[in-house]
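Going in written order, the chains are labelled A, B, C, D, E and F, and every chain counts its residues from 1.
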Amino acid sequence: GRLTHVDETGRASMIDVGDKVPVRRVAIAAGRITLAPSTVALIRENKVKKGDVLTVAQIAGIQAAKHTHHLIPLCHPLPLTKVDVRTKLTDDGVAVEGEARCTGKTGVEMEALTAVHVALLTIYDMCKAVDKSMVMEGIHLVEKRKEVIE
Amino acid sequence: GRLTHVDETGRASMIDVGDKVPVRRVAIAAGRITLAPSTVALIRENKVKKGDVLTVAQIAGIQAAKHTHHLIPLCHPLPLTKVDVRTKLTDDGVAVEGEARCTGKTGVEMEALTAVHVALLTIYDMCKAVDKSMVMEGIHLVEKRKEVIE
Amino acid sequence: GRLTHVDETGRASMIDVGDKVPVRRVAIAAGRITLAPSTVALIRENKVKKGDVLTVAQIAGIQAAKHTHHLIPLCHPLPLTKVDVRTKLTDDGVAVEGEARCTGKTGVEMEALTAVHVALLTIYDMCKAVDKSMVMEGIHLVEKRKEVIE
Amino acid sequence: GRLTHVDETGRASMIDVGDKVPVRRVAIAAGRITLAPSTVALIRENKVKKGDVLTVAQIAGIQAAKHTHHLIPLCHPLPLTKVDVRTKLTDDGVAVEGEARCTGKTGVEMEALTAVHVALLTIYDMCKAVDKSMVMEGIHLVEKRKEVIE
Amino acid sequence: GRLTHVDETGRASMIDVGDKVPVRRVAIAAGRITLAPSTVALIRENKVKKGDVLTVAQIAGIQAAKHTHHLIPLCHPLPLTKVDVRTKLTDDGVAVEGEARCTGKTGVEMEALTAVHVALLTIYDMCKAVDKSMVMEGIHLVEKRKEVIE
Amino acid sequence: GRLTHVDETGRASMIDVGDKVPVRRVAIAAGRITLAPSTVALIRENKVKKGDVLTVAQIAGIQAAKHTHHLIPLCHPLPLTKVDVRTKLTDDGVAVEGEARCTGKTGVEMEALTAVHVALLTIYDMCKAVDKSMVMEGIHLVEKRKEVIE
């Protein structure tokens, strides 16, 4: 028979989104990594030994967004229609923005956030030989919206 | 030109589900692992050295369901809308039930079964230091149904 | 500072195997799936519509063994030196045996068991169109040994 | 605020397919691997030590197609409804054909091509102990079409 | 012939660690997520609808550490011997600490950091229905050391 | 009991490399994709809409090498110490070279070849909107050697 009497307190559970109507969804997340001025200069001149930091970070972030539901246990797989990662070199680090879009039954904020996190991790990895005091900060959701499909 | 004369006897083939209409689908699978009474007591008291057995098993089962099409060669990727794993500690082991739901073109029984298998494997892994005679038994499909979407 | 005062009761934890000496390790696991006699006949004659059941199951089992540490949360990645899956068609089903070997710091029983589970799941998937009463049974560890490397 | 002034020249970007209407899509790709006549003979007689070359290659190709969006950074995840890999042993090698189908917003040529590439790589792997001069050649898209769903 | 004249400026490159001697390595990383007091209360009472937040986050972090080299392009695969994720509920959020260990040729700081990032993302996912202002902050390397193996 | 009487003809089998001594191994593979002159010009000027073709291809190739044992069923997991992908734009296409290194029990030619295949597929993906006649050609092993570690 069914396990109908299982105690459910605190039990992990994926929300059932079967009843939701697919709508077009967009989410934008952002974060930054603080770098030493000398590291910023190396990135600007594309002289970091491991390669073009911002491009590798951007690609890693895009690929990670497609892995979100494998990384975060209670996330649903989603038919992403676009993932974008934008980076901006500032005087004291790199600002990263991630965008995810899908036409589906749940929001894509976790995909946008995952893209930002992994892009930041990749910058960290590429600069860690020359910068020992990097910190990743301010990772948050900037915007989330949906549009009903006519 | 096309390989039109290939001998097809016994050739592995993914069924084409392109013509099927998406309907809401549910599948429930179940299985159990037999444990020594002393192991059952350790789980009940949450004293297994590797951690909270039933919670880790439940999460592993949910994540595995999302990997089903990568594990089973001829399974299709499916837009799962819910995965749930329920566990029940009995006198001689743990009963596990897995549930998968999607709105798609094929059934989700393989996802429900995969969740059960990997939840059982995880219980085995967490208890193997203290229990050398565990057996996984009776893994089967309990129920499978579909509902046409109005 | 460090989180030294975290309450550790029931917290999931990967065993630290850093102090263990690498030794050659072998594990063999087994299990079976019960099938209707008509399904056994279809497999024997290689007439199952989805293809050569035993070969596909064998390959799926081998590949799954290499995914074990991604499926089971507290398993360590291991440098597998061999994975083998053997199948035997009987009058009422298929018996599956999985073998894993490595030269490493922890045992390979989870890899052998995972190979068996996923091989059985694959047989289930390939026969589910014609057999509605399959059950996976008796999945257990047959043998586990290690040999110190001279 | 948004990173609106990022320089976009040469920046990797996933095309946004959110506005596209889902249609039924088919793509067929092909390629070949050149083999020594003695290797062709071993495959024909199913005497290659590592196993049934064409079946393992076929299954590897099917599974790889489902991984396409994880392998190729700017590919979208797609709800594949069918993947097929056909192989044909010729006098000087193996011809491989891959077919992918989905009902989705973008074409499936990358999935068909990925199936061919990984099937060829698998043939290479299985024969490399006996054949040192294999070359993979002529991998291309054979056909791509879409059908509007009424 | 070899592509010996390729321009290497800014080209992505995995550092060759083949000459390094394997030593025992440890890395500890930390970070935090800010939460509304009402969310902290829900977690403390284990009343978050999606389940036991800290346990799910911990397991997700452990599993993610094992995926590090697939997420970060220029990271090497490493034979991790331990991954641990510790969480501590504070008045205004959750502090997370990740620890990775291996006996290998490169450091494990990326694995420790990845565990922290994905644990934080999982907390975000589980609380996002009730808390709209969460921010992930201060993710950094706490400690990194190696011990030569006698 | 053990399945000792299984018929082994043609059965897929991972070679047991447990007895091999770990040595330093290097493999280099190469291949090319033919492109229209107008496509070559777009790549040279970094004007392909999807981004910097050669950099994205290079990163995709490096990441794919780390997935080799998940893509090719009978490949062993290997502790790669370096992966490198080099590209060279020619008048009629792109030449790609992949290099893999490890200190392990089996050769790394499949990793070098997989890097080349996936780099070529990525070039194909990024140029397919503007070039309909690309062919991937001449993918082969250039060099394979091992060095005993003193």
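Following the convention adopted for this analysis, a residue touches a chain if its C-beta (ideal position, glycine included) is under 8 Å from a C-beta of that chain, and two chains touch if they have at least 3 such contacts.
This is a predicted model, so every value here is computed, not measured.
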Fitting chain A to chain D on CA atoms, where both chains share a sequence, rotation angle to nearest 5 degrees = 120
Of the pairs A-D, B-C or A-F, which has an interface that repeats that of C-E (more than half of the contact pairs shared)?
-> A-D
Rounded Å distance, chain B centre to chain F centre (Cα mean) | 33
Using the average of all C-alpha atoms in each chain as its centre, how far is it in Å between chain D and chain F?
-> 14
Note: chain D sits from chain C at a C-alpha centroid distance in Å of 27
Residue numbers of chain F (touch at least two other chains) = 11-15, 52, 55-56, 59-60, 63, 67, 70, 73-74, 77-79
In graph terms, with chains as vertices and touches as edges, which category applies: line, ring, star, complete, or other?
-> other
Checked against the stated definition, the touching pairs are A-B, A-D, A-E, A-F, B-C, B-D, B-E, C-D, C-E, C-F, D-F, E-F
Residues of chain C defined as touching chain D within the complex | 52, 55-56, 59-60, 63
Footprint of chain D on chain A - complex, ascending | 24, 28, 30, 55, 58-59, 62-63, 66-67, 77, 79-84, 86-88, 95, 97, 101-103, 142
Touching residues on chain A, where the partner in the complex is chain B = 2-3, 5-6, 11-18, 69-70, 73-74, 76-79, 104-105
Given the complex with chain D, which residues does chain F contribute to the contact?
-> 9-15, 31, 46-47, 49-52, 55-56, 59-60, 63-64, 67, 70-75, 109-110, 113-114, 117-118, 120-122, 124-126, 128, 132-141
